[in-house]
Each structure stands twice: as C-alpha cells, then as structure tokens.
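So, here's a batch of structures to check.
You will see chain A twice below: alongside chain B first, and alongside chain C after that.
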Partner chain A sequence: MTLLNVSGLKTEFRTDEGVVQAVNGVDIQVEAGETVGIVGESGSGKSVTALSMLGLVDSPGHVTAGSVEFGGEELRTASESRLQDIRGNDIGTVFQDPMESLNPVLTVGEQIAEVTRSHGRFEGENIDWLEESLLGNFVPRRSARKRHPESWDHAVEMMRQVGIPEPEQRAREYPHQFSGGMQQRAMIAMALACEPDLLIADEPTTALDVTIEAQILNRLSELQADHDMGMLLITHDLGVVVETCDKVAVMYAGQLVETGTVEEVFRDPAHPYTRRLLAAIPDASRRGGRLEAIEGNVPDLVDMPDACYFAPRCPHAHDACYEAVPTQRDVSGTQQARCVLHDDHRSLPWDTDGDTTDIAANNGDSQ
Partner chain B sequence: MSEPLLETKGLRKHFPVESGLIDRVLSRDEQWVKAVDGVDLSVQRGETVGLVGESGCGKSTLGKTILGLLDSTAGEVHFDGERIDDVADSRMRELRKEIQVIFQDPGASLNPRRRVRAIVRRPLEVHDIGDSRSERNDRVEELIDRVGLSADQLDRFPHEFSGGQQQRIAIARALAVDPEFIVADEPTSALDVSVQAQILNLLDDLQDDFDLTFLFITHDLSVVQYFCDRVAVMYLGEIMERGTVEEIFEASQHPYTDALLEAIPSTDIDLRGNRAVLEGEVPSPIDPPSGCKFRTRCPIADEGCAEPIEPRVFSDTQVVHCRKRSPETPNDQSV
Partner chain C sequence: MTEPQTDTTDESSPPPGAALLSTGRRIFAESRLALLGLAITLGVVVTAILAPVVAPYDPTAQNIAEAQLLAPSLTHPMGTDQLGRDVFSRVLYGAQLSLQVGLIAVGVAIAAGVPLGLIAGFYGGYIDETVMRSMDVLFSFPAILLAIAMVAILGQSTLNVMLAIGITYTPIFARVTRSGVLSVREETFVDAARAIGDTNRSIIARDILPNVVAPIIVQATVSLAFAILAESALSFLGLGTPPPDPSWGRMLSNSRNFLQTAPWTAVFPGLAIMITILGFNFLGDGLRDTLDPQNETEEGGSI
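Moving on to the complex of A and B:
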C-alpha cells in the first residue's frame, strides 16, 4: 500500500490583490523506504504543499480540493485532534530554520523528550496539566531527567543516533549553545523520536554550509534505511535531489511540471523548465562562457491565464502553449511532463538543434 | 607581475569578546575572536578574485576591512599603490569613488523609503558628480537601463521589485560613481538559480564594459568556478590555498579545498553517491587550533601539524598552507 498518496491537492490564499493559487493540483505518492524530492524555486508552492498535507495552512490560506491519504486514512477530513496524534508520531517534520523551530527557554533534551511524552510513548510520563498550563513555565520542578527518565534516555539516544557528540551533556544545553548544524540534528532527532513512517523535510540543509549539509544528508539517509521510513524532501537545490532522492517532482508556479525517477529526470529532462533550470547551474563545463539564465521571473500566481504557466519564459513556446493549461503527459517509463511538446515526441526541439545555446542567444537580454 | 590594484599584507581583524563583570573583577585575560588572522591577498587590475569559505571563516569581515568599514587590528591594505587602512576619513570618502560594494541581501541594503531614482542618484550627490539634477537623472536612467531595468520603473519603491531586480538596483548604485574596484559580498546567495545566472551574466558584461575589478566573496564554489580568475580558500581567518581557477579545481592541494569540492552536490547523475563527507565542525575562532587551523578536521593531519607551518609555493600563482603537501609530493587524487 502506498504510504502517502496525495492527489489533486489545491491550496489558495485569498488576498487583497486576488486569489493566489499557491498549490494547483499536486499529485504525489511516497512508498515506505523511498525518498521523493519536490524541487522548485522560491514561490513555486513547495512548502505550502507540505503544510497543506499536514493541515497546517493558516488563514488566509485554504485547502480547497484534493485528497491526502496517509496509510489509507484521509487526512483532509480528519479532526484536528486526530491530526495532532498523527503529526510528530506517524509523520515527522523538519523545517528549514532550526532556531525558529526550537524553544529557546527549554533544554534540547527536554524538547526532544516532549515529543514522546505528548504522544504517550512511555507509561506515566505524559505531559500533565500543570505543564500544559501557562504556569508550567514558572513553577520550579525537579529536573527533566528525574521526572521522566525513560523519555529523557530516549531523547539522549536519539541525539546519539543523529550524530551529536556527548549527547548526555548536550541534552542539558539550550538551543543557543548549539551550532546551526547541531540544531538541525536536534530537530531531526525530534522528528524521528516517535519513529514516524514518513518524514517531511522542508529545506533541511539550506541554512547550512556544504560540508555540514553533506553530513546531515548522509545521516538522514542512514536513519531512513534503518527505519524503512518514507521521506518527502523539499529543496531548491537540484544537486541535493540527485544525491538523496529516488523520485523527483519539479514544481513551478503551484503545479508539478515534471515527475519521474531521479535517473529519468536528470538523464533526459522532459520539461523545458527542468532543462533550463539545470542549464542555469554554474559548473565546470561552462566556465568562462555565459550561463543560460531563465529570463524573467516566476509569475505572481494571481489570475493566472488558462495557458502553460512557463510559456512566457519558455524558449520553445508556441501557439499551442497558450490554448489551455497542459495536462501531465507520459514521456517514458514513469516520467511525466506537463508540456504540449510531448504530444509529438519525435520532434522535440532540443533533440533537433542539439545545442540550446542558440536559443539562449536569441532569448538573451529580453528582460 | 605588474603592481596589483589591491593588496593586503598580514591583515588582521580581531573582535573583543564581551566579558562579564566577574571576568573583569578577577582581571581575567580579555578574549578575542580572530575573524581575520593574517591575510595576504592581491587582486590584479581587471581580474576577479574569488574568496570562498564556510560561514564564520571571516570572508565577509575581510571584505569589510578592505573597504574600511571596519578598522583593521594589524596589517596593511594598499589600493593602487596607496596605503588606505589608516587614511583620514575625508580621503576614505574620496576613495569610495573607486571602491564600491554589493551586499548579499538587496532588500536590506536599499532604503525602503526612497524611490529607486533617489537611491541610485544618491552616490552622485554625495560625490558631487554631475552639474545639475537633470544631468544626474540622465545618468541614473542610463545606469538603470544598463542593468536591465526600464526607466519607467525608477519611481517605484524597492519592495515593488523581486530579489533579482533589487540586486540589479544595488548594482546600478555601485556603478554610479564609475568605480574601479567592487567588493561583491555573496551577491547571488539570496537568489534562485535561474535569477542567479542572470545576475552573474550581468556582472560579467559589466566587468568588460566598465573595466571593473572584482573581489567576489561567496560560499559557493560552483559560482567561483564559473565567474572567477583566481581563488583564495579561507578557513578560520586564514587563507588555506590560493591559485588560479584551473589550479584550484583541477589540481587542488590543500585537504580543505578537496573537502569543499567533494561536498558540492552535483547534478551529474553519474557522480551520484560518491561524495566523501568531512567530519566535525569549524572550531571556535576564539581559541583556534595551533599550527594548521584545519588539523582538527583534516584526514591527513599528524602531530607535526600543531607546529607553526610555512606556506608552500607550488607555482607563481598557487600557494598552499599545508605541510603535508609539497611540489615534490603533490596531491595525487586530485578531484
């Protein structure tokens, strides 16, 4: 059975300027033990997709259509209390900025223990009424280690698993005493504390340096393999997707424009947007030459026309692109692309001219 | 080699760590964060030198010290043959006509309450360039056109622009005084890759048109590889290795450079899954390791690395701060 099955998910934000379709019909499947990457530029709706799945979109945002099935259960119609049971217990989340997600006045160990305690994993160590009330912050209590030893030990064990050195000492420290990389490890420890079936990681390494990023991604993959966990990795970094994911979904202006295995999509990208995105990354082969920038900006998603959303920036756009929003078309294997060019796949423009630099030249400086 | 446009000699910048009352009563030693700890750097006219390193390595502090935005603790900065780190404020102000800067976050470096026209015109007014307001406005329109925006956008406020467009405005402002030298401090780090490519192409064009020299500060080695002529790799306030782009990317010698190169996630599917991971974290710059500062994370370090080390010269351009590598026994596993 598919672990997570999202279909036709739509989220809109009603703003003064108009209705913004932040997520516009997203379909994603994640199997146990598999890593699926959602990749896109800022403003493409990838984070809102994750929040919509978890029922965490705040007003003025509303999930308007679609279904989110997790382990066979529909989450969109589930009650808030049921969602609270699921979040943190069955679905773990890691967000981009650990300093914003951690409580600055609680020790790291206490915060990790809180996850298991709030989901009642260890008998008699639940969060009591005093702690839940506002008073809980002011009443002096025995140390966390003595009040709930099992949860505490579990927290220390989780910190060890994510690679925090000397976890017994570090568990008693506060978030500001941790470096960015260590804070993000603590967040991962927290997300994994209840051994979730699915981990949603939203830009988990974007705030970190490359050497630390490599450490964290490696550790995440190891832990994922150990627990046979499904993972949804949201990132803007195509390199991170290649390194860690099995399948990838490329998102643009609220829509998935290309999906498939990492192998399929990165060997032979089918959507012009994916192709241009890959070409825009500086690398050795283009040294000294010009980067193939995608001219223009991501559209602002208010009153989008009934046409391909990428067409205004696309070097291959023609009349058919402006007739209707293209549907996902099968390309090969499991690869799909939202592009009319694939109706007649024998004559793809990038196969015929081979070298896309001419297009870049024609298209250059048309800002 | 001809006289460099910009040169630093043994440049240091140490920040005092705020000490508490008890420390002062007990008259404990004052502690210093050694953000920049003896940097020799030279930038030739017309070239782009990339300064790379992880966050906290002191690369932005070095940039600000060169600009005179921070006073140096020791060492010298020379610009066009003139020593500029101890000049009077009035002279520094004149020098800003020659040395300009572009910062990382354009949203923070543009005044939100002024229109784009006023923002770009401001340096002209400060430096008294142009005779009349209309002459300055003409110059502003010319500049804004040159960076790829249109003149009818001049009466808008910065928040009405996207990040990439804001960075274009910041570039136009830096160019207004027709500088010779620009310190670009992570100019594309806040931008998406497609927009980053636009900005890098723009800077490349401008360099030719305006005869600019760049010090390009970034944490992203792939940008350096594309954009720079020479590279200096910085770690904990010191330059670990310097060389031309070819030397750094094809024959890197320092283990830290190797580790940085390895850590870049590649989009090449054939290179999947074989990146080596550098363990550990950057030590505190208050109390850095003795000798080679990288030795605590270095895979090839031994006891000798704790002793002070001499940089080794591999070629006219490549200098490596590592005692384990020498021209006789170079790095054989070059990336």
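Moving on to the complex of A and C:
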C-alpha cells in the first residue's frame, strides 16, 4: 500500500489582491522507505504543499480540493484531534529554520521528550493538566528528567542517534546554546522521536553550511533506512536531490511540471523548466563566462492565465502553449511532464542547444 | 557554553524563568536605577513585614487627651495626628496595606487580563474582536472614575478597593499580553509544536505564554505603583480603606485641616507614597529597558 498518496491537492490564499493559487493540483506518492524530493524556486509552493498535507495552512489559506491519503486514511476529512494524533507520531516534520523552530524557553531535551509525552508513548508520562494550564509556568517542579525519566532517556537517546555529542548534558541546555547544525539535529531528533512512518523535511539544510549539510543528510538517510521510513524532502538544491532522493517532483508556480525517478529526470529532463534548472547549476570545469539563469521570474500566482505557466519564460514556447494548461503526460512508465512538447522531446528544437544536455548528463554522471 | 553542568543545576526544575533569571542579573548589573528601584522596593517590603516589630505604638490606639498633634520628637519620631495616634507607626503599618492592595489588585488584573489577552491574540477573529472591544469599553473610562464607580456600587471595603483597581487595570494586561501573542504565534516554533501534534491549550501554555512573560512582568511592576497610588487617591477621596486601618491616602486626607499647624501629618505619609512609587517605577523602567525586545542583545535570546 502506498504510504502517502496525494492527488489533486489545491491550496489557495484569499488575499485583498485576489486569489493566489499557491498549490494547484499536486499529485505525489511516497512509498515506505522511499525518498521523494520536491524541487522548485522560491515561491513555487513547495512548503505550502507540505503544510497542506498536514492540515497546517494558516488563514487566509485554505485547502480547496484534492485528497491526502496517509496509510489508507484520508487526512483532509479527518478531525483535528485525529490529525493531532498523527502529527508528530506518524508523520514527523523538520522545518527550514532550526533556531526559529525551537521554543527558546524550554530545554532541548524537554522539547524532544514533549513529542513522546504528548503522544503517550510511555505510561504515566503524558503532559499533565498543570503543564497544560497557564499556572504550570509558575509552579516550581522537579526537573523534567525526574518527572518523566523514560521520555527523558528516550530524548537523550534520540539526540545521540542524530549525532549530538554528550547528549546527557546537551539535553539540559537551551536552544540558544546550540549551534545551527546542532539545532537542526535536535529538530530531526524531535521529528523522529516517535519513529514516524513518514518524515516531511522542509529544506532541512538550507540554513546550514555545506559540510554540516552533508552530515545531516547522511544521518537522515541512515535513520531512514533503519526505520524503513518514507521521506518527503523539500529543497531548492538539485545537488541534495541527486544525493538523497529516489524520485523527484519539479514544482513550478504551484504545479508539478515534471515527476520521475532521479535518474530519469536528471539524465533526460522532459520539461523545458527542468532543463533550464539543470543548466543553471554552475559547472566547475567551465571557468569564466556568465552563469546560466532562467530569464524572468516566477509568475504572480493571482489570476493565472489558461496556458502553460512556464510559457512566458520558455525558450521553446509556441502557440499551442498559450491555448490551455498542459496536462501531465507520460514520458515513460515512471516519468511524467506537463509540457505539450514532451512527445517529441528527443527530436525537438532543444536538442540544438547542446549545452543543456551536456550539463545534465555531466551532472547525472558525476553524482 | 558547553562546560559540563554540575548536578545542582539539575536538581531544580528547568523553569521557564531560567532565561529570565540570568537576564535579571544582567539588568541589575547594567542599570543603577533598576538597582535603586529594587533596593527601595525591598526596603518597603521589609518595612511592611517588620511593622509589628518596629512600630513603637499600636497604629490605631488613640490618645486625644495627652498626645494630640504633637510635633516629631524622640518619643514620636513623626509626631502624632489629630487623634493622638503615632504617625510613625501608622506609616509603617500603612506599607502593609499599600503592598497588599497593590499586589492583590495587580494579581486580579493579571489573573483576568492575561488569559483574556492570550485567548484574544491566539484565536483572533470574532473572539479577538469581542474580547478586545469589551476591554476598550473598560479602558475608555478614566481609571479613577471607574474605580470610584465600582466602590460606590460594591460598597466600601479594602477588598472591594482591590477588586475595583484590579478590574480597572485588566484591559492594560489584556492588551500587553495580546500584542505579545500576536508576534509570538507567528513564530515557527508554534508551527513546529502543531506539527508534533500539540493541542492549542498546550501550545498556549507551553509555547506562547512563557515567551510573552517579559512585557507582562514590566507592566506588573509599573501597575503596582499605580495601584498603590490609586488606593491612596481613593482613600484620600474617602472611598478607599475604611478607618481606622492606616492607609497613607487616608492619612493625607485627614491631615488637610492641620496642614499649617501640624504639617508632619501630611509630609510623612506623602513621603512614604512618593518613595514607594518611585521605587516601583525605577524597577519597572529598569526591567523594561532590558527586557524590551528593541534593546535585546544577541545572547539575551528572546524571552
């Protein structure tokens, strides 16, 4: 059974300027043990997609259509309390900015322990009424470690697993005493504390430098293999996708423009946008000259035209592109692209801009 | 930063106020005014606690025949009033009453205002509108006028004075709390708390409230001074603490007729009020300067 099956997901924001279609018909499947990457530029709707799946889109945003099936259960119609059960317990989430994502007034260990406690993992260690009441903040109590030893030890163990040195001590420290990399590890420990079936990682390494990024991604992959966990990795870094993902979905203006295995999409991109993205990766072997860029910007998502959203920036756009929104078409059994050219993508004009293909091939090889 | 912690730190529960405490040390190291405020405040508190020990006379014992309106002397350091009561003893006991009124009134205001502000700020929409507009109604009355009206309705007693002042200050705490909540609820760690399945109640109690405590504390010290002043004002108008309990405001009020012949009956309670208010205000200003997010330093973190 497919672990996560998202189909036709639409999320819109009703603003004063008009209705913004942030997510416009997204279909994603994640199997257990599999990593699916969502890539796209800033503002393409990657993060909103993730929040929409969890039912965490804040007003004025609304999920308007589609279904999110998790382990066979429809999440869009699930009650809020059922969703609270699932969040953190069955689906873990890692956010982009670790400093912002940790509560500055609780120790790291307490915050990780809170996950297992709020899901009743250990008998008699649930979050009690005093903590849930406003008074809880002002009543002196025994240390967290003594009040709920099992949860605390579990939190320390999770910190050890994500590679935080001296976890017993560091669990008693506050987030501001952690470096960025350690904070992100703590976030991952929180997300994994209940051994979720699915991990949604929203740009988990964007705020970190490259060496830490590699460490964290490796650790994530190992933990994923240990727990046979499905992972949805949201990123704008194509290198990260190649290193960690099995499948990839390229997102543009709220739509998936191309999906497929990493191998297929990076070796043989079928959508002009994917091709331009791959071409934009700087190549160390070619010094000098200008860096490749995609001309223009992501379109304003208010009142989108009934046409291919990428057409205004597409070097291969022709009349057919402006007639209707292209549908996803099969390129191979596992690869789909939302482009009218796709059928002939091997013979059509872009094979003349040889650079693109070279770079794509280079990338595929070197990774 | 990474130095190993001793076991003693572990014994005490890691209170949400831990960050506050370390900030506290910083405040008093940085601001002499805050330090002075703290000293005065502590002085007043000690005075209030030790009043029964220190006071040479019973504050309500009258001696009209022998000791009416005596000037300050060794036997009566602050003189006596028109009923022959020792002003020094009454000022000392007055500190008890003023602190009581201040603490309970501010307590009432916090107990009512902070939850209202939390709910209004967190849920927003109609709830916010309803709560905050009713707070605005309360706020639109001049504070003293509202307190006078409430004492007039509830009847004159120390408890009612406290309640009246507390209700008058409720909107201030609701507003301060709500404005803090509005910014904190947009923080990612609130989203993160949702993403681990926390309930709204738990998010409000564990993620929001501890992060809006700083401005509430500042507001509380400032309001404490105002509450004491308000009690004095109400007593001066004859609506505060009923006689014979020694209230600084009532002492001032009674001394009006003897200002020229016995100024000490006015000067000493007046000084007591002034010093106490000054102490709380210095303390509040000092706290505000250091806890204010605008002045926040890197290592201070966001409390």
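Basically, the second predicted complex is superposed on the first by the 344 of 367 C-alpha atoms of A that agree within 3 Å, B and C clash if a C-alpha of one lies under 4 Å from a C-alpha of the other, contacts with A are read in each partner's own complex, and residues count from 1 in each chain.
Criterion: contacts are C-beta pairs under 8 Å (C-beta built on N, C-alpha and C of every residue); 3 or more make two chains touch, one makes a residue touch a chain.
Since we're looking at a predicted model, the values are computed, not measured.
In the superposition on chain A, contact of A:233 is made with neither chain B nor chain C. By the document's definition of touching, of the two partners only chain B reaches A:209; chain C does not. With both structures placed on the common chain, the touch criterion links A:256 to neither chain B nor chain C. By the touch criterion defined above, A:242 reaches chain B but does not reach chain C.
Contacts of A:291 after superposition: chain B is touched, whereas chain C is not reached. By the touch criterion defined above, A:280 reaches chain B but does not reach chain C. Interface residues of chain C facing chain A in the complex, by the touch rule stated above, are 1-2, 4-5, 9-19, 114-115, 118, 187-189, 191-199, 201-202, 204-207, 209-211, 213, 299, 301-303. Of all residues in chain A, those touching chain B in their complex are 41-42, 179-182, 209-215, 218, 236-240, 242-243, 262-263, 266-267, 276-278, 280-284, 286-288, 290-295, 297-298, 365, 367.
Of all residues in chain A, only 51, 54, 56, 83-89, 92-93, 95-97, 100-107, 110, 114-115, 118-119, 127, 131-134, 136-137, 140-145, 147, 166, 169-170, 172, 174, 176-177, 187, 190-191 touch chain C in the complex they form. Only residues 54-55, 148-149, 162, 164-165, 192-198, 200-201, 204, 219, 221-223, 225-227, 245, 249, 259-260, 262-269, 272-273, 275, 277-279, 281 of chain B touch chain A when the two sit together in their complex.
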